[in-house]
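Paired with subunit B in one complex and with subunit C in the other, subunit A is shared by the two complexes that follow.
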Partner chain A sequence: MRQGTSSVRTGGPNQSWYAAILQKYSIWVVLMLLVLGMGLLSDVFLTWGNIFNVLRQASIIGIVAVGMTFVIIGGGFDLSVGAVLAFSAIMSIQMQPVTPGRTALAVLLPLLVGVTTGTVNGFLVGFLRVNPFITTLGTQFVALGITLLYTNGQHVWVWNPDPVYAAIGGGFLGPVPIPVLIFAGVAALGHLVLSYTNFGQYLMATGANEGAAVLSGIRTLWIKVASFIIVGTTAALGGVVLGSRVKNLDPTAGIGYEFEIITAVVLGGTSLSGGRGSVLNTVAGVLILTLIANAMTLLNISHHYQLVIRGLILVGSVALDASSRRRTA
Partner chain B sequence: MKIGRSSIAFLVVAMVLVVFTGSITAKDKIVIGLSEPSAGWPYISAYIRAFEAEAAKLRNVSVITLSADADIQKQANDIEDLISRKVDVLLVCSLDGTAVVPSLARAHAAGIPILAVSNEPSEAGQKFIKGYSGPDDKEQGRIAARIMAEALGNKGNVVIVEGTPGQSTTLARTAGFREELAKIAPNIKILAAQPANWDPAKAKAVAEAFLTRFGTQLDGIFSQDDNTAAAIGEVVRDSGIDKKIIIVGTGGSKNGINAIRTGLIYGTMMQSPSIDAKQGLELALKIVRGESLPQRRNIIPMPIVTPKNANEYEGEW
Partner chain C sequence: MTSPKQEIPVLVMEGISKSFPGVQALKNVRFDLRAGEVHALLGENGAGKSTLIKILCGAYRKDSGHIRLEGRDLDVNNPADARRYGIGTIHQELMLVPDLSVAENIFLGREPVRARGRIDWKAMHQEARRVLEELCVSIDSYQPVRTLSVAQKQLVEIAKALSQNLRVLVMDEPTSALTEQETAHLMDRIMLLKKKGIGILYISHRLEEIMSVADRATILRDGEYIGTLEKGEISSNRIIEMMVGRQDVYHRWSGQRKIGEPVLEVQHLTTPIVKDVSFTLHKGEILGIAGLMGSGRTETVRAVFGIDPRLSGRIVLQGREISVKHPQKAISAGMGFAPEDRKDQALFLGMSVRTNVNIARLFLNRWGLRRLTEERQVAQSYIQSLDIRTPHLEQETLFLSGGNQQKVVIARWLSTNPQVLILDEPTRGIDVSAKGEIHELMAQLAAKGMAILIVSSELPELLTVCDRILVMREGQVAGTLMACSTTQAEIIAYATGQLTGGGAGETRD
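For the complex of A and B:
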């Protein structure tokens, strides 16, 4: 049932346990190599300030990527996350969180929107069997349209936010930025749920072979709905963090974030055909993407070269990851 | 179901009447086609509202506004639609100054006069238009350079946080800024330029990397719109850096003016969507009446805003 999820199974008897772990998490090796390389190229890259900056920059995309990992493992796909994230961020700002009470609304209402859109997507895909690509493309347009109606096409901002609201995106606990803690918490929770609960097992089974999963008694439709609710909620949470981080946004913000999020998940080795993936590797994928952006800016590489280099690193990482997987198979 | 002869006759008469009166009003009324890049952009949205409100004051003018929703292909289709609806004058705010050229050529070939508004088409498109009305992105870059040079006393190190790479607005603002600085303040050095795609979250990431790399060497930041400039102002404030860094934006938006008043950023220049829209409508009507435009490029005023005069201005968008 856990077909392809465990490389230990395919490792063979004479393979040592650390080689197995190395193969399972080879994308982390790629990340380490990039970190070392950048450390050599720039003397400010490996400073605590920069490391925490990169982690904070990764956190918004990262929170949503954890949710996206679930939905893709379950055999689904969600293009609406960018629009849902933007709508949540804008709604959060529009609540004008200048008092503790309004801050509570600015957090809870967007989360409710995330759960709702996730539920709608999940039902359309799970029960009505509409293709997830088309479904979530549709909800993306709806969310974008509602955002424009809601804001009347105008910029939104909150100028003197409540300290608690400002802390969500801009605060620190000791030296660690709060968004990083939120990201770490979501990733840890996601990893636990995916790896150590029945739900995680059922999700993998559903994505790998839905027919077989149904035969073995898994209620795959509900599993799918749940996976869409998870991604919807993480998109909304990412939106709240974004809203608090910038406190001023255009109604068209967040468009294109879905591609970065999906890229991070795939970079982390989660199979687009479902049934296989890991939250921890998604985290590595997110960090690689963010690190590349940070490195390019630190080295002041022109945008044209940036595209080429970014493309090469992405293709290289995926190739390296795939070849190490093949060796174990 | 039975339909009586009389009701069919009534329908025919009604249809003829509709067509007839329709053609009369179409001839009576001046129809302006307005192709905009995205009604979701605050400036454009404010422009459209001001334009339609001004036009509504004139009894004989109707406006067809189409929004391309930031999609180059959709703007081409929108212009195609406006051509087939035979508008009297076509106003185009190009999403991309180069990509729009084939559409301008088609409208020109169909005999529809074109006024470029708010965002100028590239060189290749110039021969198809009657003229341009709106702000001047390159001039905005120059004005930003003047604000920066004055605030820094003509010396220091600056960086540029750009809009979306390759966009004509981005290219023009960067070029204007670089040219003017080289001319009036050759001792100001531009250390780096990186894109943030008009996204305040990305602008924060870029500014953080710049601060990491250059630290106190940095004296000024030119960010190509007010919202990214304000976001960068927060980064500088929160970085605890013990130095005044001059941040200049462009636009004169509500957020930008407020950021100047609260000290987050130093300066910007006004770009008023209502003045832009009013002038666009006036010039469009001139074209329909067969009058010539005052100039080929009719640039709206773009006064400088700094802490000295920020209380005299209100942002419109």
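For the complex of A and C:
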């Protein structure tokens, strides 16, 4: 079925299929080394409590990072996720989910907002061919502005929420926090769609070479719109989880989320030039980023240094992506 | 014309070799250029002309060989070196900055400066005007280049070259986008440059132009030096003979294929470039489209496949008019299209052979998921039947040779089982043996009833594989010829406008 190493007659790297797989998922090796290193450094680290704590911290960013992976692979970019996430969280809380009916509203309405902003971003980028950075920079501020108008700039909160609503962000299934399960589900679904559906393949093709994709019969504009709808939806879902978790939120809470999300995706090896990336590696990127944050907290490194280090991680992984692209170009 | 001064070569290139992965582009090629002469460099596409001039102007590095300018060995590593040595190039695609003025373009990177780095605008425009006057060109030096015509832009390029104390000027297809009148005008300017003692390396596909302007002509074929003709020896027959050479590579199609009913009818197709083009393609037929660069060949097939928008005209596939607003419609109606630039327009270089083969027709199970086993089987079967040389299915197509990349693109379309296969320059830049394999494949497919439309700049290729040849000129059909009875000379005559009207091939319809 697969040829491991047949006679090699082309000029390319003559690595075997298995070596290619290993290289593709090398980020997981980094993650494991990091886990081992942390385990040696700290007694608390490798306890179930801390592990689930790290995973729960990772889950909100992780959910959105899965969506972001789709957009970036398709050649797009979305800066508005942080603002959309905050708007969804605020809206979710403002629905006052104290009854099952209101809980349904508190979940569905924010998701609708996510789909809508994703559609708007997608049409601007896909059909009007506006630069995705500028488009989503704009929609980011629109979303933030609407959030502030909606809340009058005040905190929002909900007392005594419905138990179902409270469980979304704060519940457990056995020892596993519900947000972690949602993250795992979104990641599994994302991986399935990206790697095993024609949409996933068309998205990769669109990001890799849009002209060739069109000539192969792919409706690239719709594919791009769909990728923005996906990220908008995941941002909204992340918002619902956040709202349920904190139940008390400042309208500017979403600022900075997009930065961590994009860092995680790029760290996971998704190419900013599109066409290349993997949901599983994004998951590893999210975990590494959260682990480093967790480690820095355990090691009592101040928030200011943490910002510097995170910035360096983003720049470093972008530089790595650019240099690997130069080698293959 | 032949003063003794001209006999001493200014520029000598000797033993130049260059290879790319999978292709030996130049083998031990030589070329020399005398002061004040126009020396034409000729050859079919893929013969190595552009590789040679790219080495001369520093875009590529040679594997071996010498370049000597006035007896001095040159080491040209980048375009800046070449410019410093007085070697200027006017590329086919002009290298001007559209929003800068004529004078700014002429002096880009070498602006005259006054104290403290301020640009001396007055001196710059004065000097620009002087150069333009020297060329007898009336273009305002303050005019932004964006507003100029193609011919005027070319003159700006020449002025730019002239302003930098040039010894050698390379002109790559300078007339491909010019009208007849503009071409004549350009020829006058070339005479001026000759008088200044500049040696001109001239590349053109238009043979009558070569005969009028060239003092000598060197012919390359398949990356090898074939010979140099002196002024008195240059004739289109002689040149074509040397360019085509080795008739044995191309076995001219002699047998009769069984040609069936019409499959694709293109009626009065008009786009901004193509004017009222009509033709019919039959089952089992290979129809070629010939024409000079810019004659609308590629634009015609792009419009048929739904890439470029149509202004008017109908496309009828198997008796039913189809709306091709997007290639996806053309594909689902039963067409396939391998574009001319396979790396840019067809391949996903970072993706595997498997994916590249399957992308136009993914196999899905009832849950909407891809059936990877099928994908592997399909890719594997084409790797075998087309003899695609790749270490494994998951190899990125980036690492395949040109011929194998082209086979991957063809495999993609074969897997959709099309009724009409459109191939635009299917053998450009691939080596002779892979070329033969692709020709063989086309014959096999046609024998099985596929209708094939092929665009090619290589006339021998068209004569080898086609049943009929449509010749285009300035966006229109200049003639339709039967491949078995026509000649390269006749095709060229139609393509250049020396012959017009019908042609024998129309009788088939």
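Here is the rule we use: the second predicted complex is superposed on the first by the 282 of 329 C-alpha atoms of A that agree within 3 Å, B and C clash if a C-alpha of one lies under 4 Å from a C-alpha of the other, contacts with A are read in each partner's own complex, and residues count from 1 in each chain.
By definition in this document, contacts are C-beta pairs under 8 Å (C-beta built on N, C-alpha and C of every residue); 3 or more make two chains touch, one makes a residue touch a chain.
Remember, predicted model here, so these are calculated numbers, not experimental data.
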item	value
Partner chain(s) touched by A:W157 [first = subunit B, second = subunit C, both, neither]	first
Subunit B versus subunit C as contact partner of A:T47, first or second or both or neither	first
Subunit B versus subunit C as contact partner of A:G82, first or second or both or neither	neither
Subunit B versus subunit C as contact partner of A:N294, first or second or both or neither	first
Intersection of the subunit A residues that touch subunit B with those that touch subunit C	none
Of subunit B, residues touching subunit A in the complex	38-42, 44-46, 70, 165-166, 191-195, 198-201, 204-206, 208-210, 212-213, 227, 230-231, 234, 238, 253-255, 258, 262, 317
Complex interface listing, subunit A residues touching subunit B	42, 44, 47, 49-50, 53, 57, 60, 144, 147-148, 152-155, 157, 159, 170, 242, 245-253, 255, 293-294, 296-298, 300, 303-304
Of all residues in subunit C, those that touch subunit A in their complex	21-22, 305, 307, 326-328, 330-332, 337, 339, 344-351, 355, 359-360, 362, 364, 368-370, 372-373, 376, 389-396, 398-401, 404, 412
Interfacial residue positions of subunit A with respect to subunit C in the complex	1-14, 16-17, 20, 192, 196-198, 201-202, 204-205, 208-209, 211-219, 275-276, 328
